[in-house]
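Labels for the chains are A, B, C and D, by order of writing; each one numbers its residues from 1.
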Amino acid sequence: MAVHIKDQKDQACLIVHGPDQPGIVSAVAALVTRNQGNIVSLDQYSSDPTGGDFFQRVVFNRPDLALALPEIEADLGKTLTRLGLTWTITDRSVPKRMAILVSTSDHCLLELLWRHRRGELQVTIPMVISNHTNTAEDVRSFGVPFFHVPSPPGPDKSHSEEQILKLLAGNVDFVVLARYMQILSPDFLDTVEVPLINIHHSFLPAFIGAAPYRKAKQRGVKLIGATSHYVTKELDEGPIIEQDVARVTHVHTATDLQARGAYVERAVLSRAVEWHAEDRVVRHGNQTIVF
Amino acid sequence: MAVHIKDQKDQACLIVHGPDQPGIVSAVAALVTRNQGNIVSLDQYSSDPTGGDFFQRVVFNRPDLALALPEIEADLGKTLTRLGLTWTITDRSVPKRMAILVSTSDHCLLELLWRHRRGELQVTIPMVISNHTNTAEDVRSFGVPFFHVPSPPGPDKSHSEEQILKLLAGNVDFVVLARYMQILSPDFLDTVEVPLINIHHSFLPAFIGAAPYRKAKQRGVKLIGATSHYVTKELDEGPIIEQDVARVTHVHTATDLQARGAYVERAVLSRAVEWHAEDRVVRHGNQTIVF
Amino acid sequence: MAVHIKDQKDQACLIVHGPDQPGIVSAVAALVTRNQGNIVSLDQYSSDPTGGDFFQRVVFNRPDLALALPEIEADLGKTLTRLGLTWTITDRSVPKRMAILVSTSDHCLLELLWRHRRGELQVTIPMVISNHTNTAEDVRSFGVPFFHVPSPPGPDKSHSEEQILKLLAGNVDFVVLARYMQILSPDFLDTVEVPLINIHHSFLPAFIGAAPYRKAKQRGVKLIGATSHYVTKELDEGPIIEQDVARVTHVHTATDLQARGAYVERAVLSRAVEWHAEDRVVRHGNQTIVF
Amino acid sequence: MAVHIKDQKDQACLIVHGPDQPGIVSAVAALVTRNQGNIVSLDQYSSDPTGGDFFQRVVFNRPDLALALPEIEADLGKTLTRLGLTWTITDRSVPKRMAILVSTSDHCLLELLWRHRRGELQVTIPMVISNHTNTAEDVRSFGVPFFHVPSPPGPDKSHSEEQILKLLAGNVDFVVLARYMQILSPDFLDTVEVPLINIHHSFLPAFIGAAPYRKAKQRGVKLIGATSHYVTKELDEGPIIEQDVARVTHVHTATDLQARGAYVERAVLSRAVEWHAEDRVVRHGNQTIVF
């Protein structure tokens, strides 16, 4: 998982998924070769070589990729469908469009904006949306548009969710909840059509729900953690992409845990976003394969 | 927390606990001085200097400690009781007596026996008790007595618990459950009168109860952990002494998690035992202070 | 080492250092008590209770500290000098003044500015000095003055060093080299009179000197590191305050190592700065005691 | 890198190495398929897709592998030689034969013997050789032959090296120096013909040579480490397989560092041995590719 973005012109990323069976690697490699591709990297995983699920990520170079892509896709359709496999292929020179939703805490947001400015995230950031305004100036100083969509206090968030959906529609490929402290409704999740990545401020499944640092202090844990996962309708239950921890002691108050945890959160979320942006994460039921 | 046991002849370890107030440090230090002690190390923690709880661990040298101890204890009684503080004082040249309870898994057991042989655990080991016999030969090769107390299959463990209590009574200062796969009854815990240290094979409070590695695989976590805690009547809920984690990926099966977890378990349990043996752990409600 | 700055009004931090001997703790504690102080935290270390060096850090509350400080200092002078001890006492409500020197890389600089804005560094930042101008806008957006002092290409840096010394003189309590890529002359170090903290982009003493990531790639190491240390006339040889590492593999190029290393560097430097600002670091020959 | 050894009957491990070029993956995969193999896992790395070095590790199932191996090797010879590639293929059901050389410290030795007994190292252990006798009883209790080859005090070790070479000749596939405190001569290394894996008790290249923990204490490092590497004629300069570190503080003496370091050493060496035994490590100049 190289940190720096290489020159990705004419690079395709192919994800293959389906029932494992002899001959898949050979079929995919032959397909790449006959389409004048040169494999740059290849990772694969099989949950069980006999009757299991097969996952593969192949990055290959192909001169004039954009022109050749329709033909390659047609070949993939013929070759892989016959083997019962599903696939996606992306042109790596086209960065994914990432929206960030955030509330008042800025640590995850600024980390993403700053890593992006350093050229370490293979994305564009068409918008940051917040139910608060405190981060607006910082966001715009990075040249990123900021939209304020207030979240009314009552239980009915349908109006603000509608506004968010309108902003996102057609403009983004995935959404990052960078400490967005509103629970999105099932309706929103049904409508949004792009994946959402969340950062939870605990080592899931410990301390599900609100106030995990306070709960962690009460339980007297010796490590605190953070978890980045895809959002599903089951709160804090979606497929985990990345987790990490930091050591704490009896000296630390709940407020200290929160302050230390912020550094774990921003690191964990950044890695999850980087991997998602590079098509390294494949969802498989409630789990992920991270290549 | 130095690993190697120093020459601890004539060293006392004093633990002080009670309501914080001005003058405690001064009173304790003056007491040590007027009893011809020389402070070797001093750690303290206050949950809040105003109205909080105060905890202190003082190690001091005092020539002819054994002879002087009654007089020092009398002085402590007078001086600290007046300040509303409780205290314990131990002669560090007298190692604690530690019993180990184990089932079939030997990794935690062997680690403790081996660290003890290296001189890294300040304890004696008067006995290992197991409901199985597979570890008997290994245990005895370390010169440690092994007792087999079978655990009958039904829910009533009173007979085997009675046998264990008879073996322990008067012979041990604390008990380590080194992957002992029986749940001890409230009656046992009421009767045993010495602290018990357990190792749980998950990052508590995640995956409480049985089969944590299987649950961890199902949840798709990216880190597995282990937790050492004092045993209370609430299963897996006692005060945590130490925790640690290891990184895993989608490649690892539940069996792999168990194998990798074993290395975390033995490290976490060993540190907890070392700290308890050196009077570094102070229980405080459902939490611990680890000096 | 709590992350959040507590209300430090009327808090003093006393550092004591000298030959270990019976009665020091008692003498210091009694001194605090008779000056109406209440000890908030106390850490101490003795390199050897018999004939070794003794180090102590005591934080205490004292109403109207500023008024009482001269009297406390007089008492310290009398009491501790008699015991052959040296001491410093600081009013914790007065933050240290920190200058940052930086070249083109902004990762350490921005991390310090951002942690300061979050209230996590107990300092003021009167100036950032750089031999480049690329970070000027970012620095000023944090409300911090930026001074450009170009470094001429030749070996003689005396003119630029003079300018830096003029800017610093009387205005700062310590200096942080946050990836400042100029070697400061012995003359500069003799004149500056305040401590300097550097971040070196390797796990010292491995890869001393220039281009450590390139050397690390050539040697094929599996971990890269960063080291924060006080600056002395011996390049990369000063007392180490903090170190940390990150895992790398054969996949990573020297450029990747540099990108990953940046995250270790900013974390290590931030911790070193935080601890120095809180008087937690005591220099002892070429080593440090970190309380 | 799964910890548990799966049923490896009829599994082959193929390592391919040579100049990168389009079509390698396809050629190898087709070869496996036409020899009735089913790929179980595949890892590859290219130092540069254009003009770089290509490395691949393929594990595949093939019924009646032992019978088919000559034919597969002939096919490999034809197919891969044409592409300028070198290769090795091994039957994974045949464990490598590992000798252990050790001096007096037993921590690495016992860890290897114990992991082997748990079924976690895919090796047989035909012998342990030591220049001391203190570990003999422990070694034999694991059912492993122990040979004592004293090392005379003078500089000429040729006689003892000859004896070791006689014991090894034809009997082992690799040798592990599990804290063997003798420097092996260039003659020995020329003659031995199998790879040697060493554990060095520092984070190489820091503290090369003798007494690294003493040097680490003098330098005041905040982390200690261990490095496992292949042995070459350049002392402590061979290709690194694995490294790890542990945190230490000013409190720890050089003896403490040594005691703590022992746990890092045994973990690092065990991983290196596990990976070597599973053909996961490919040497490339002075570096390693670890799949």
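Just so it is clear, a contact is a pair of C-beta atoms (placed from the backbone, for glycine too) under 8 Å apart; a residue touches a chain by one contact, two chains touch by 3 or more.
Fair warning: this is a prediction, and the values are worked out from it, not measured in the lab.
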Chain centres computed over CA atoms; the one at greatest distance from chain A is chain B
Does A-C or A-D have more contacting C-beta pairs? A-D
How far is the middle of chain A from the middle of chain B, if each middle is the mean of its Cα atoms, in Å? 42
Whole-Å distance, C-alpha centre of chain A to that of chain D, is 37
Out of chain A, which residues touch more than one other chain, so two or more? 45, 251
Given the complex, residues on chain D that touch chain A span 22-26, 29-30, 32-33, 37-46, 49, 61
Quick one: in the complex, what on chain D touches chain B? 1-4, 107, 110, 114, 118, 120, 141, 251-253, 255-256, 259-260, 263, 267
Under the stated contact criterion, what part of chain A meets chain B in this complex? 45, 203-207, 218-223, 225, 239-245, 249-251, 284, 286-290
